[in-house]
Amino acid sequence: MTLEVHTADVQVRGLSRRYGSTRALDNVDLTVEPGVTGLLGPNGAGKTTLLSILATVNEPDAGEVSVFGLDPRDRAERVAIRRRLGYLPQELGYHRHFTVAAFLDYVAILKEIVNRRQRGEEVARVLAATGLARYARKRISALSGGMRQRLGIAQALLGSPDLLVLDEPTAGLDPEQRLRFRELVSNLPGDPVIVLSTHQADDIAAICPNVIVLLQGQVRFAGTPAELAATATGHVWTAQARDAHAHLSWRGGDSLWRHIGEQPPAGAQIVAATVEDGYLLLSQRAGGQ
Amino acid sequence: MGVQDRLPASGRVSAAPDEPDDAVLLRRVAKGDEGALAVLYDRHAGWLTMRLSRRCGSADVVDHAIQDTFLALWRNAGSFRGNGDVAAFIWGIGIRRLINAIRRESSSRPRLPWRAAERDVVISAEDQVLVGIEHGRLAQALARLSPELRSAIEATVLDGLTCGEAAVLLGVAEGTVKSRCHRARQALRTALADPRLGPETPANRQRAWGTP
Amino acid sequence: MTSPYTGQPAEAAAPAGHAGSSLLADYAAGTAGAVAAWSVETHLAGCGRCRQELSAYADPDRLARNRSAVLVRSALPESRAGRVLRRSGVPDHVLRLLAATPSLRASWLLAVVGVLAVVTVETGFVEQAGPGGPPGLRGLMPFLLVAPLLILASVAAAFAPALDPAHRLAVAAPCSGLTLLLARAVSALAVALIPVICAAFFVPGPPWLPAALLLPSLALCATALAAATVVGPVAAAAGSAVLWALPVVALAATHLPLAVVQWHAQYACAVVLLVAAAVLLVRRDRFEFGWNR
């Protein structure tokens, strides 16, 4: 299978990866373009595996990957991809005794910024971008979880990468910090390809112009959040009480029950579907298989 | 050109009475006060950048030198003995950091700006006082020197560099710097025909030219 | 400033006036004549007001950029050892990469020295108190067992992912995984060797003992590194430790503790070292993916 190479984006064809008897990824095809793309799915859906393959730290069992026209299977091209890569892994550990500035300096050296002056300026730039400038001297062990997450995002931004792979970047952030993250990620210079994963639909709705829903290692949806919401149009209704027709029900803040199902009963109060509704419906359908 | 106030020259920035002076700031920096370093930067980085830029055309190299200067200040603030002007101390560090930065760079860099247009600047009356009083007959003699000789003297005397350091700054061999200084002094001596100019020791040189 | 010939110090000779604004502007633009510029500079040395006026001509963005870079760089830690090494020419980025190695930290080294001290003192005790066996050599077994294992532990700490919290980042970085690992392992080895060799001088034993410890330690560490490409870092380190402990203990049981560092053993260690180096070279791509699969 040949890949048409558009050097401005990331393409994956027929990607498969298993761990023992579990299929983490099953014949995944997708194309990611510049801008923010959200990977939505529950834990265990294969998001982390997919992101780690895009970040060249994991090898697929089958399939082809093309990042900016480069093939990570070739050693030299893999290094070339890594030069343009910023990666936030899911459980990033920090050297506890390091200060914020020292840690960022360390990562900058790993990214081959050898010149001391350039490194200092680059670290200062990402500290300013993530609002961590006044914590430069603080030890990482003294930071809160949210600040540590911001530090993780800051290190990914070092070197102004063309591909940003962020695994659960909004986990542990409070709503105000999420807002700042959204602004940061939408205003990065140079129009990089940004792929981030989350299991919260409202993050997708707010940040990502493109969504990919991954369930049980397979791509179930690729499109815009509006299109994802549209898949549930006509399948969401509210009622005063539980409804046996519904696959999923929960009580909303206005004490009305919200139901999602394939066949709403006649005369049901159909409401507009949200991104989350679309996602839940897809999960239901996938769970049934 | 307005009338200048007849203020006494001072080593301090004309600051509000409650702002600490440079020596106090430097002592605080020696104790690890980062805020004091920031204040010193805000006071001195501007003129230092302009002055260093006059000696080196590459902005990157000057930036590197500026950063290294204040870092050196951060690490060695304790070595200031309080026996002089802080600005002069900073200048001494700065010019040497510039030399280091130039050495590190490749040999291809823009020529020094002071070789640029030497047009006849119309000097105001006040400035003539400044220029005239400082150098008197020396100014005319200096003006008659060729630029190469003048820049050699400037580097070794005004900046107080060794011949080796001046060689790096000017981009010529050390021997060339020495011979140019020698010829410049001879030319000036001839121009001034003053027997009171003593032997060429650094102390005498500095006294003669009135550098800090 | 009075006449230059009177030799008065600069402070007292500073002029009563200041540099005019247009002269400063010309100076800032680089168009002041050399003599005028010279005068300005001499005046600047003693006048804060004119320095401030000149500062206004500097590009504020450039000043701000350098300012934040200075504050960041001043926030980076500076150790005395680091300063010495930097002056002797080791590049700054190499030093900072190595600084992240756990086995180069003071706490680790203190622990190593502590264990060595205990073992060394203990050999002295056994030597004095022990009855049978070749005089004084029975007590060497603990030292011969522990010393190379301490070096192995230092090197293992240099590449164990559990001790390098940001190892996932190191994998995704363009900096070659093997180069980084080797740099850390070699510096951990060198630093750990020093107390071990020193302790070997204090232990009651033959005078060639310090030198004899070198090859076995090197072979041990190389084996662990090479095995790590096959079975993973933890298993490799543990396995290598066992591979050393077995002969030491077995030989000590037959009253020949020194056999493990004598000529035959040295040859064996040299062979092991070469084989391990070859395996490392062939399988060096394993380090590109961290320790995944």
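Read from first to last, the chains carry the letters A, B and C; within each, the first residue is number 1.
Please note the rule applied: a residue touches a chain if its C-beta (ideal position, glycine included) is under 8 Å from a C-beta of that chain, and two chains touch if they have at least 3 such contacts.
This structure is a prediction, so every number in the text was calculated from the model and none was measured.
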Review point. So with chain B out of the way, what's still stuck together?
Key: one piece
Revision key, fill the gap. Comparing B-C with A-C, the one with more C-beta contacts is B-C
Check your understanding: Relative to the centroid of every protein C-alpha atom displayed, which chain's own C-alpha centroid is closest?
Key -> C
Point to revise | Centre-of-Cα separation between chain B and chain A, whole angstrom | key: 55
**Study point:** Centre distance in Å when chain B and chain C are each reduced to the mean of their C-alpha atoms
**Key:** 39
**Study point:** Distance from the mean Cα position of chain C to that of chain A, given in whole angstrom
**Key:** 37
Point to revise | For chain C, residues contacting two or more additional chains | key: 65, 69-71, 73, 75
Study note, to complete from the structure: The positions of chain A in contact with two or more other chains are 117, 120, 137
Practice item. At least two other chains touched by the same residue of chain B: list those residues. Key: 34, 63, 67
**Study point:** chain A partner contacts - residues on chain B that touch it in the complex
**Key:** 34, 60, 63-64, 67
**Study point:** chain A residues touching chain B - in the complex, by the definition given at the top
**Key:** 117, 120, 137
Check your understanding: How about chain B: which of its residues touch chain C in the complex?
Key -> 1-2, 4-14, 34, 37-38, 41-47, 49-51, 53-54, 59, 63, 66-67, 70-71, 74-75, 85, 87-88, 91, 113-114, 116-121, 123-124, 126-127, 129-131, 133-136, 138-139, 142-143, 147, 150-151, 154, 158, 194, 196-197, 207-212
Review point. How about chain C: which of its residues touch chain B in the complex?
Key: 1-5, 7-8, 10-11, 13-23, 26-28, 30-39, 41-49, 51-52, 54-58, 62-63, 65-67, 69-71, 73-75, 78
Check your understanding: Within the complex, which stretch of chain A touches chain C?
Key -> 55-59, 75, 78-80, 82-83, 85, 87, 89, 92-96, 98-103, 105-107, 109-112, 114, 116-117, 119-121, 123-125, 127-128, 133, 136-137, 155
